[in-house]
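Consider the two complexes below, in which subunit A is the common component and subunit B and subunit C are the respective partners.
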Partner chain A sequence: MDRIPILKFGNALLVTIQVDMHDQLATALEEDLTSKIVSHNARGVLIDISALDVVDSFIGRMLDNIAAVSRILDADTVVVGMRPAVAITLVELGLSLTGVKTALNVERGMAMIHDRLAGSEADDADDED
Partner chain B sequence: MPTTRTERVGIKVSDDVVRVRQITRAFALEVGLSLVDQTKIVTASSELARNTLDYGGGGEVTAEIVEQGGRRGVRLTFDDKGPGIADIEQALKDGFTSGRGMGLGLGGAKRLSNEFSIVSEPGLGTKITIARWK
Partner chain C sequence: MAAQAGSDVASLVSRNEKTILPEWVEFQKKAGILHTGRISEGELQSQSRNFLHLLHEALTQGGTDTSGSAYEAAKAMLAELSRSRAMQGFSPSETATFIFSLKQPLFNAINRDASLSADQKASTVWTSTMLLDELGLFTLEIFQKSREEVIVRQQREIAELSTPVVKLWEGILALPLIGTLDSQRTQVVMENLLQTIVDDEAEIAIIDITGVPTVDTLTAQHLLKTVAAARLMGADCLISGIRPQIAQTMVHLGVELNVISKASLADAFAVALRQTGRTIVKAKRVEGYTFADKKSGGQDA
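Our next item is the complex of A and B:
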């Protein structure tokens, strides 16, 4: 079965969704990401959906689930690159993705993850004092 | 209402939901819908195609380009011979689900369309028609 590739980028995972996903592919991505967060000790997950011209309730739920599971595993998920027409449609559909952090592009998303990591490292340093 | 183009797609596996999205997109482009309206009708088609598959046990969609009073639009009719919907009003409510979804499919598809109609007979199947006009 096809899989969406997951790249390691420092201590974050980067996923760029470039195909129109059928439901099993979305479910497989959710499972793959969850296991890779643990095996790579990842602290952040960046999901680039700029190539997606449609996000329906199934893919919306997948994004919500990934964000929730990664939070439990101490990793931050940021969804980046949502197209304006997709955002308008998602809200009208009734999915506002309240549990998902978003950023306009990959650079800003990566900055959000790094900011959080810098913050937690500073906390760790304080603990050692 | 004259129909200028028609295509039928069977909905039997989850790849067919992707095909329904692609045909809806092609028809919406041909009609000249705005990008936001294209996205809305394609998203609605995805929700309804998944419902046909998950709850109707599979079926088919008829996609049409229709004309009425000088306006063009995309009309989609989803047909299944599944168990039917006993309480349509309840099924249209957000959050109502009998399956694995979020329960946004039917109500969401209605909000994303200009026209929405549903005919369902318990034990015989469900027919849902939506349209989006330019």
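Our next item is the complex of A and C:
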């Protein structure tokens, strides 16, 4: 168990973190996710951290990094299901993850990604006209 | 030496108890303790008598060492008295007068005592002064402590009372803040808000600061922290109720809240409704059109 599974879900990738994150796992996830975004041509990344109850500054920075990398690769990152205690910790650590989009649960996160995809498709259609 | 001095004072007290007690009560009355209306003469009498009795016992057993076990009973009584006076709203000097007004009757008794030589009188005066000063300070310390306890309790109650999270609509929460925002309260507010966001699956939280008297850089930082934490949970925050003077102060201080802010809670609520895809429409009143008509009309269609 040295990898966190990354699921393909339509145009989006779905990552559910269900184990305690240690630094190596975080680095591996960052790399895997980057290559999967390219290979699957994904437009959105959804990271569910509802099972995570300890987050340190390293994990916080990893989330920020993933968001930055996927933005370069034209994919949106949405972090969902953060627990109140985790949110308070991150804020106290000074990591407000300004580059990351957030949603309360997977359902809303998916809706956010779909909205964005629908919007960009509409833009594409406009361009073609 | 101390034991000797203690027993000197003790025998003096026991010999002159009959004269010391009324004189003492008289001095306390003269200091105006009864004018405050918080204590009756009977109470004052019995308190003074009890204390004199306990002091006498302590002196006989433990000399003038007030930290010894002999003084426990006397100190316990003083503590009780000072605590109750603190609760009743006595001033510190009124409370301390209880002990310090014992000095003069005691010195008078020493002066009157023919069996003591001048040297003995001087040393007895010194010993009793030291003793009463120590007890007086002890009384004040307890007084102070009980006042602080009251303040701490009130702070806790205020903190509990003033952080409600209100549900305005499906998915829209309001957090009316009242009073000064310090870091401890911010913590409570934040935890409350975030938990309610999870429980109610809220999308938007409106923080209303109408009741916050001043916003300085620290308060603004606390607000921003709360906003950032709510955003991490996936909820948007709006700030409302910034009063004109506060808006001016914030601009002068260079404080910037990088969130949507509205002047009133109503405006913020309207924004929240719009953001969640709702509109408010005025109900149309049509002459002769009742609810029943509408219902049947609907069935027909």
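Criterion: the second predicted complex is superposed on the first by the 128 of 129 C-alpha atoms of A that agree within 3 Å, B and C clash if a C-alpha of one lies under 4 Å from a C-alpha of the other, contacts with A are read in each partner's own complex, and residues count from 1 in each chain.
Everything that follows uses one rule, which is that contacts are C-beta pairs under 8 Å (C-beta built on N, C-alpha and C of every residue); 3 or more make two chains touch, one makes a residue touch a chain.
Bear in mind the structure is a predicted one, so any value in this text is a computation, not a measurement.
K.L.:
Taking subunit A as the common reference for superposition, should the pair subunit B and subunit C be classed as clashing or as fitting?
P.N.:
Once both complexes are aligned on subunit A, subunit B and subunit C fit side by side.
K.L.:
Once the structures are superposed on A, label A:Val80 by its partner contacts, choosing first (subunit B), second (subunit C), both or neither.
P.N.:
The second partner, subunit C, only.
K.L.:
Report for A:Thr16: first if it touches subunit B alone, second if subunit C alone, otherwise both or neither.
P.N.:
neither
K.L.:
According to the stated criteria, A:Asn105 is in contact with first (subunit B), second (subunit C), both, or neither; which is it?
P.N.:
second
K.L.:
Which of the two partners, first being subunit B and second being subunit C, lies in contact with A:Ile88: first, second, both, or neither?
P.N.:
both
K.L.:
Just subunit B (first), just subunit C (second), both, or neither: which does A:Ser96 touch?
P.N.:
The answer is second: A:Ser96 touches subunit C but not subunit B.
K.L.:
Write the angle, vertex at the C-alpha centre of subunit A, between the C-alpha centres of subunit B and subunit C, to the nearest 10 degrees.
P.N.:
If I round to tens, I get 50 degrees.
K.L.:
Once the two complexes are aligned on their shared chain, state how close subunit B comes to subunit C by Cα atoms, in whole Å.
P.N.:
8
K.L.:
Residues on subunit A in contact with subunit B in one complex and with subunit C in the other?
P.N.:
Of subunit A, residues 83-84, 86, 88, 92 contact subunit B in one complex and subunit C in the other.
K.L.:
List the residues on subunit B that touch subunit A in their complex, please.
P.N.:
Residue positions touching the partner: 14-15, 17-18, 21-22, 25, 35-36, 38-40, 42-43, 46-47, 50, 94, 101-102, 104-105, 107-108, 111-112.
K.L.:
Per the contact definition, I'd like the list of subunit A residues that touch subunit C in the complex.
P.N.:
79-80, 82-84, 86-88, 90-92, 96-97, 102-105, 108-109
K.L.:
Please output the residues of subunit C touching subunit A within their complex, sorted ascending.
P.N.:
So the residues of subunit C in touch with subunit A come to 187, 190-191, 194-195, 197-198, 201-203, 225, 228-235.
K.L.:
Can you list the residues on subunit A that touch subunit B in the complex?
P.N.:
Against subunit B, the touching part of subunit A is residues 20-24, 53-58, 60-61, 83-86, 88-89, 92-95.
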